[in-house]
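Paired with chain B in one complex and with chain C in the other, chain A is shared by the two complexes that follow.
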Partner chain A sequence: MHIMEGFLPHPWWEIWFALSAPAVAYGLWRMNALVKERRETLPLLAVAGAFIFVLSSLKLPSVTGSCSHPTGTGMAAIFFGPWIASVMATIVLLYQAIFLAHGGLTTLGANVFSMGIAGPIIGYAAYKGVMRLGINPYIAVFLAASLADISTYLVTSLQLALAIPAAVGGSFASFRAFAAIFALTQVPLAIVEGVVTALIFKYIAELRGDVLLELNVLSKGALNKLMEARG
Partner chain B sequence: MQGTIAIHDLLDQYAHSNGLRHVDARTKLLLGGGSIVLSVLSTSPLPPLIVALSMSALILGLAKIPWRIYSRMLLIPISFALMSCGAVIFIEGSGDAVLSLSIMGSSIIVRSDGLELAALLLGRTCGGMCSLFFIALTTPMIEIFSVLRSLRVPQTFLELSMLIYRQIFVMLDEAFSIRQAQEVRLGNCNLSRSLQSYAMMASVLFIRSWERGERLMVAMDSRCYEGHLETLDEDSRIDGGQMIMVCCYLLALATIVAMISWH
Partner chain C sequence: MKGELITAAVLIVFFGAFLYVNSTGDHEWSGADSQAEGAIGELTGGSYEPWFEPIWEPPSGEIENLFFSLQAAIGGLIIGYFLGYNRRRSEVEAPTKRGSNAR
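Presenting the complex of A and B:
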């Protein structure tokens, strides 16, 4: 869910840049610390970033027939935490704007806020919360990816509504209009992305469970339990 | 899906081999970036339209991008923009009703101010997208990086961007062949199968890219990686004449934008 170049008027695009900058700066600071401590993380983050770009440029099979692209933000948040995910999202969004004409440069701040900050934070919180309850990790991954998508789409609708309020009823009315129109494509997409992310997680756990341990996504006990259930 | 991959192969390919390839990157970025900002600041659809036309003229005339390819590229953002403008039109305004429809008992009224707003947004999007395409089609990523470096963008951010840039093309290739292999084995014959195929492809891509990352680290270590990637920037000079033309264009555009918002 990208806001196109030119769609946000002054002063809103500047406001979203200002709101996103501290989070991305904090993410960068965390990343710097991580890279200093364990230098092997830089190439790993790079391939993960490229992975998210490639994933988001491949069409997902969709229920409604319209084509839709996964965002990958939920997965990035689960694997790397919300702050580093925001740095990766910034780079991926920049490349999407330049290579694919998805999004834009002045709307980068707003897009980073919805896809790189709000989505990952909600997704990460959902993953950690459900895992703490001791429910099946696949359900946690499904919820994290779907909720990250849904919150991204709601934040985008809010950004558009604040910038373009309706003459009658103000921002609230236009929020309802934007949310209703985008819901047609975004809600099915969120469910599909949730299912696909859970499946991806399952395959990775089966083939390279050690990677998930190393990233601190799963505890050893949880991984063992998953493998036993598989038999 | 073939279309998607073909298109950004092309975007990058043209950045390296277009008619404006040897113009200094700073000049091109100033022109593209300045046009984007002025399009967004404009309060009427006219200046963005001027931007869209002049950028398209540069792209087709001077950079010599085939018009067939360029027009296919423009379709993607415009279809996105039309959908969002659809939402704007139906936000009821207070102007005169231009069109009123009644569908299943509920009436939909399109008012003039909603329509004007939609035209403005569509105009801004077109102006912005054409300028963005101008940058993407004429300036290779590597040169954008060196401009960003001279603007003191954090080193880690740039290194990560460069590494991601390199990996994107390797992985797209891989994703493309996996997709083709799945397609010929009927991996997308129904919804549940295509979901599974997609997930399988994505997880294999992730695992392979992880392993590639580990190998990349060994390769970097054996080339004395010490936390910084040292690259050699090509020394390029700004052409005074071109810079003056770009500044005149932006100044003229800024004057039009200012005059319209003054009225």
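Presenting the complex of A and C:
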């Protein structure tokens, strides 16, 4: 989902910066407040960030004969909400823009928006929505992580389509072209990301259910059920 | 164990699909990001020129791999440390619950 350096023309790169910057600033503020008030959540913050590091470094082959990578942002969104997730995504995207020439500094705003804001918001909403239905939390985590992943790529397609309308057919034709590249490739990856995220979530819930309770990720009843299922 | 089994099954299907697709013909297995770059060229009739170049590019594929592996290693280290530390902690704090089962 990295839009390459220099590939978003004026005014689009400025627009995405303008949309992303407030969200990341708010996320930074939230993160600071969280660490100050609830020091015990710090290790989990590190793990959620580390998860994004690992998953977004894995370029996986897909059924379309091309490679793409998961985003890993779903877990951070589930634990800490989309704003803090946007800070973590920004760190990873900066690392990749500077050291790997993947993505770019001029396209950072757009990439942060798709991977750090849009994806996590959808993942967070999916998690909260499914949990409200009282369904198994692992299914909620699976759906949240998968949807955060795939929606990131749809937003990237939309960003490219808006900025670079096709000579014939305009932005609509562009969107179809970009979505064909990104979205289909991403489906199997999103499923894998969902399953792996659910497994790591399970380990974390079993070991530090207390922190997940405190962060309102799980209710007391839901956590008890998970621990009973473990036996 | 159920979670691990489901994950393993999904991964096996995923890599099975890769092996199958790979056997069906010539695939480049190139990155979707660079394919999008190609699509931009096609959609605009080759008129789009990137207006900014990366400030630094890994000078070779090896150096690029180095930074990608480093990224994964940093992340893996943190996750592994967290899980290992807390597993031990939960054993020490609740020896009757978990320790007695283990022994």
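Basically, the second predicted complex is superposed on the first by the 195 of 231 C-alpha atoms of A that agree within 3 Å, B and C clash if a C-alpha of one lies under 4 Å from a C-alpha of the other, contacts with A are read in each partner's own complex, and residues count from 1 in each chain.
In this text, a contact is a pair of C-beta atoms (placed from the backbone, for glycine too) under 8 Å apart; a residue touches a chain by one contact, two chains touch by 3 or more.
Note that the structure is a prediction, hence the values are computed from the model and not measured.
Visitor: Return first, second, both or neither, reflecting whether A:L160 touches chain B, chain C, both chains, or no partner chain.
Guide: In the superposition, A:L160 touches chain B and chain C alike.
Visitor: If you stack the two complexes on chain A, which partner ends up touching A:E40: first (chain B), second (chain C), both, or neither?
Guide: first
Visitor: Which holds for A:F7: it touches chain B only (first), chain C only (second), both, or neither?
Guide: In the superposed model, A:F7 contacts both chain B and chain C.
Visitor: Going by the contact rule set out at the top, does A:P188 touch chain B (first), chain C (second), both, or neither?
Guide: A:P188 sits against chain C, while chain B stays out of touch.
Visitor: Under the stated touch criterion, which partner chain does A:N32 make contact with: chain B (first), chain C (second), both, or neither?
Guide: first
Visitor: Considering only touches as defined above, state whether A:A173 meets chain B (first), chain C (second), both or neither.
Guide: In the superposition, A:A173 touches chain B and chain C alike.
Visitor: If we overlay the two complexes on their shared chain A, which of chain B and chain C does A:Y138 touch? Say first, second, both or neither.
Guide: In the superposed model, A:Y138 contacts chain C only, not chain B.
Visitor: After superposition on the shared chain, which partner residues are touched by A:I200: those of chain B (first), chain C (second), both, or neither?
Guide: both
Visitor: So which positions on chain A get touched by both chain B and chain C?
Guide: 2, 4-7, 9, 43-44, 46-47, 49-51, 53-55, 57-61, 63, 92, 95, 97-102, 104-106, 160, 164, 166-167, 173-174, 177-178, 181-182, 192, 195-196, 199-200, 202-204, 207-208
Visitor: Tell me, which parts of chain C touch chain A in their complex?
Guide: Spelled out, the residues of chain C in touch with chain A are 3-4, 6-7, 10-11, 14, 17-18, 21-22, 27-37, 39-40, 42-45, 48, 50-58, 64, 67-69, 71-72, 74-79, 82-83, 85-87, 89-90.
Visitor: State the interface residues of chain B toward chain A in the complex, per the touch definition above.
Guide: Listed in rising order, the residues of chain B that touch chain A are 1, 4-5, 7-8, 11-12, 33, 36-37, 39-41, 48, 73, 76-77, 80-81, 83-84, 86-88, 90-94, 113, 117, 121, 123-129, 131-133, 135-136, 141, 154, 156-157, 159-161, 163-168, 170-172, 175, 179, 188, 191, 194-196, 198-200, 202-207, 209-210, 212-214, 216-217, 220, 225, 227.
Visitor: Can you tell me which positions in chain A touch chain B when the two form their complex?
Guide: Where chain A meets chain B, its residues are 2, 4-10, 13, 28, 31-32, 35-36, 39-40, 42-51, 53-55, 57-61, 63, 87-88, 91-92, 94-95, 97-102, 104-106, 160, 164, 166-169, 173-174, 177-178, 181-182, 192, 195-196, 199-200, 202-204, 207-208, 211.
Visitor: In the complex, go through chain A and note every residue touching chain C.
Guide: Those residues of chain A that touch chain C are 1-7, 9, 43-44, 46-47, 49-68, 92, 95-102, 104-106, 138, 153, 156, 160, 164-167, 173-174, 177-178, 181-182, 185-186, 188, 191-192, 195-196, 198-200, 202-204, 207-208.
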